[in-house]
Amino acid sequence: MSRRSIGEVMLDVKNISLSFGGVKALTDISFNVREHEIRAIIGPNGAGKSSMLNCINGVYTPQQGSITFRGKTFDHMNSREVAEMGIARTFQNLALFKGMNVIDNIMSGRNLKMKTNIFQQALRIGAAEREEQAHREVVERIIDFLEIQAWRKTPVARLPYGLQKRVDLGRALAMEPQVLLLDEPMAGMNIEEKQDMCRFVLDVNDQFGTTIVLIEHDMGVVMDISDRVVVLDYGKKIGDGTPDEVRSNEEVISAYLGTSH
Amino acid sequence: MGPFLETLIGGLMTGMLYSLVALGFVLIFKASGVFNFAQGAMVLFAALAMARFAEWIPALLGIEHKVLVNLMAFILAMGVMIMLAWVVERFVLGKLVNQEGVTLLMATLGITYFMDGFGQTVFGSDIYKIDVGLPKEPMFLLEDVFQGGILVNQEELSAAIIAAALVALLAAFFQYTGTGRALRAVADDHQAAQSIGIPLERIWVIVWSVAGFVALVAGIIWGSKLGVQFSLSQVALKALPVVILGGLTSVPGAIVGGLIIGVGEKLSEVYIGPMLGGGIEIWFAYALALLFLLVRPQGLYGEKIIDRV
Amino acid sequence: MLYRENGQFKTSYQADQQIFPIAQDRYLILALIAAAAIVVPFIASEYVFRALLIPFLILSLAALGLNILVGYCGQISLGTGGFMAVGAYAAYNLLVRIEGMPAVVAILLGGVFAMAFGVVFGIPSLRIKGLYLAVATLAAQFFCDWAFLRIKWLTNDSASGSVSVPELMVFGWNVDTPIDKYLFCLGFVVIFALLAKNLVRGHTGREWMAIRDMDVAAAVIGIRPVYAKLTAFAVSSFIVGVAGALWGFVHLGSWEPAAFNITRSFDLLFMVIIGGLGSIMGSFFRRGLYCDRAHRA
């Protein structure tokens, strides 16, 4: 649970419908996210959870519906504007820049905050050098936070999966986001790694007040750390409430376990 | 109207010939995911083989009968192309399974340089003739409709017909045979195809041989028209816009693209060329393909590339 | 490698982020540059300068430019010869048509024209990728081949597109002996390599590499693909254009459009790939290899 006091509604998703060709990925989804809270999105595979995040991020454009962030309403999001507004995300299949090392990957998350122009960078004196160093300091603090110091110069393609996931998180954190969208951050991890990741997520929420929207399959994790939960199944919303409310919801149970006929 | 029709028909036929060369590209790309820059060099190599064999057979064996000589030369040249396919598979492609596109591209570029040099060493670097009996006199069609009739080059016409037949055959092959399916699987993912038991090496030798066959036919036709000389390999560069326009993975695309480029080129040279100082043929095809790509990046019939995140 | 890297600790981020963080590398490169500038002029023969060193330097510069586009930003370009031609002919026109135009300025402005050209022909990269883009860049190449042959104004009304430049005067220094030309080119190469390296290790370079590695993810963290790709084309074409102008002015003296044909484009691409995509130092190593091999062939 978040230790901060939950604030007002920050992100409001209304009636989002998304289809690819004939396949309806999302049907009329509505839910909201309050400031400082940890909101989980759960559901069986193929329920449309990643598609939902992709809509918020501007990777997909929904055919219907709107998204309101801090009072401004959009019917489709533009990736860059979303990033500028302070919404960052990690990816289910990792979208790291394989050609770069850990530092450069996380530094790339700082790009919106880098203001020097191309000529200053080419000469690399004065403002450009100072800027690089200042951002390098921030990135190093993130690296310390995520405990990946030993691998900072390693090309990310050579890191094991669990560490790559941390770099993905680091890059999102580098954007100093207000909302962090995490797409299955604990997939493929063992218990210790999961505990570490939970700790990072909770610390981020605690220390920086970042609102977290989290897609996760591990029910233990979801019930433990989230304030409210949205349940999707086959692109439709079938549950919305606190973990306890959702846990005892008939529809949710049957979606996961199947009903007996 | 008459001249316009002449230009149009001429363009269609030239376009068909471009399609033939483009086919070679499409085949190899469809089956191995490799963009074969060496296709042009293969056309030249095949044409050289054909031309020289046609010379050497009468000289060495004393056979004079033209059809027989050409047939034997064709078979020999085809044999050379199959050997080439085997060599390429063994020493180049086999070592580069599942490498990135750029690496493979450069490998084919290397093959180009090699074939240029090797071909000239073995077969000589003069200009050679190919004569397979394609009729060369021009025909005049529709003499009663248009004054003087429409001039149609018979050689180009027969070439166009041959090309069309070949294209139809290959399209059917890919679509309806088991080998065709296997080839498409290989193009998608080398390792996955291997893992389900598709014999990668044999498939590649088959594909490059078929491409070699296409190159040989193209080489004979173009060589018959232009003479077998170095500039023949530049013909392949003309086929690139065709491939782009039609989509790299589509055999019908190669046809349609070829026709569009052929017609476009001829018409632009006749009607726009004089305004720009002439000689715009060398880049018009590319400009056309480029404009097209901006509207439809995957070409007319190409598969849309979807990035999943 | 040949020496141990450990034991060299950095106490500031600036030290860690410098171009050659390992001391031995730093000294080696500085020594190499010093040798190139001071020692070589005394020991190399005129022939070596003309046939090996000067082409080596200029083509390395071109390869450096191409590497930025292909290696760092991942956009394949087969039109490099065309961009070099634009740089060369633009510089020529400026030198010949404008009274008192200094040679260095003409060369740099040639680069600027090549840059504009590069940005225009880079626009397709916003829609198409990979192989399709490579073929689209061929349009640039063939267009240049044609333009410099047929558009009389561009070549000062020369019949076959061939032009020649008068002697080079750089701030009163008459650049005519092979040693002079060598040092002139060396200066350009060292300065451009430094500027390029700085760009590449700054946030522009990271943006380029992000676009190369995964452009969807790059967009999501706020990188603008349009800006990144077009700046890559711009910077790359500028460097290639300058190299083209140097090739024409310093190495050839007089040239015709065929000097910048598609073979040149393929050669440069080869160089970039063999030396290693995405490596500034590599541009130089493979150029040396190539030059040497071509020379012995």
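Read from first to last, the chains carry the letters A, B and C; within each, the first residue is number 1.
One rule holds in what follows: contacts are C-beta pairs under 8 Å (C-beta built on N, C-alpha and C of every residue); 3 or more make two chains touch, one makes a residue touch a chain.
Note that the coordinates shown come from a computational prediction; the quantities given were computed from them, not determined experimentally.
Q: With centres defined from CA atoms, tell me which chain sits nearest the overall protein centre.
A: It is chain C that sits nearest the middle.
Q: Hey, which chain ends up farthest from chain C, C-alpha centres compared?
A: Taking each chain's C-alpha mean as its centre, the farthest from chain C is A.
Q: Between chain B and chain C, tell me the centre distance in angstrom, where each centre is the average of that chain's C-alpha atoms.
A: Between these chains, centre-to-centre, one finds 34 Å.
Q: So what's the Cα centroid distance for chain A and chain C, whole Å?
A: Roughly 41 Å separates the two chain centres.
Q: If you average the CA atoms of chain A and of chain B, how many Å lie between those two points?
A: 50
Q: Would you please write down the residue numbers of chain B that are in contact with two or more other chains?
A: If we look for residues of chain B contacting two or more partner chains, we find 309.
Q: Mind pulling the residue numbers of chain C that touch at least two other chains?
A: 216-217, 220
Q: By residue number and range, which residues of chain A touch two or more other chains?
A: Chain A, residues with two or more chain partners: 59, 91, 95.
Q: Spell out the part of chain B that touches chain C in their complex, as residue ranges.
A: Within the complex, chain B touches chain C at residues 35, 101-103, 105-106, 109, 237, 240-241, 243-244, 248, 276-280, 282-283, 286-287, 289-290, 293-294, 297-299, 305, 307, 309.
Q: Give every residue of chain A touching chain C within the complex, in rising order.
A: Within the complex, chain A touches chain C at residues 57-59, 79-80, 82-84, 88-89, 91, 95-100, 104, 107-112, 114, 116, 118, 121-124, 128-129, 132-133, 136-137, 140, 171-172, 175.
Q: What residues of chain C sit close enough to touch chain A in their complex?
A: Touching chain A from chain C are residues 12-14, 16-17, 195-196, 198-199, 202-204, 206-207, 209-210, 212-214, 216-224, 231, 235, 278.
Q: Mind pulling up the chain C residues that touch chain B in the complex?
A: Those in contact with chain B are residues 70, 76, 124, 127-132, 134-136, 138-139, 142-143, 145-146, 149-151, 216-217, 220, 262, 266, 269-270, 273, 277.
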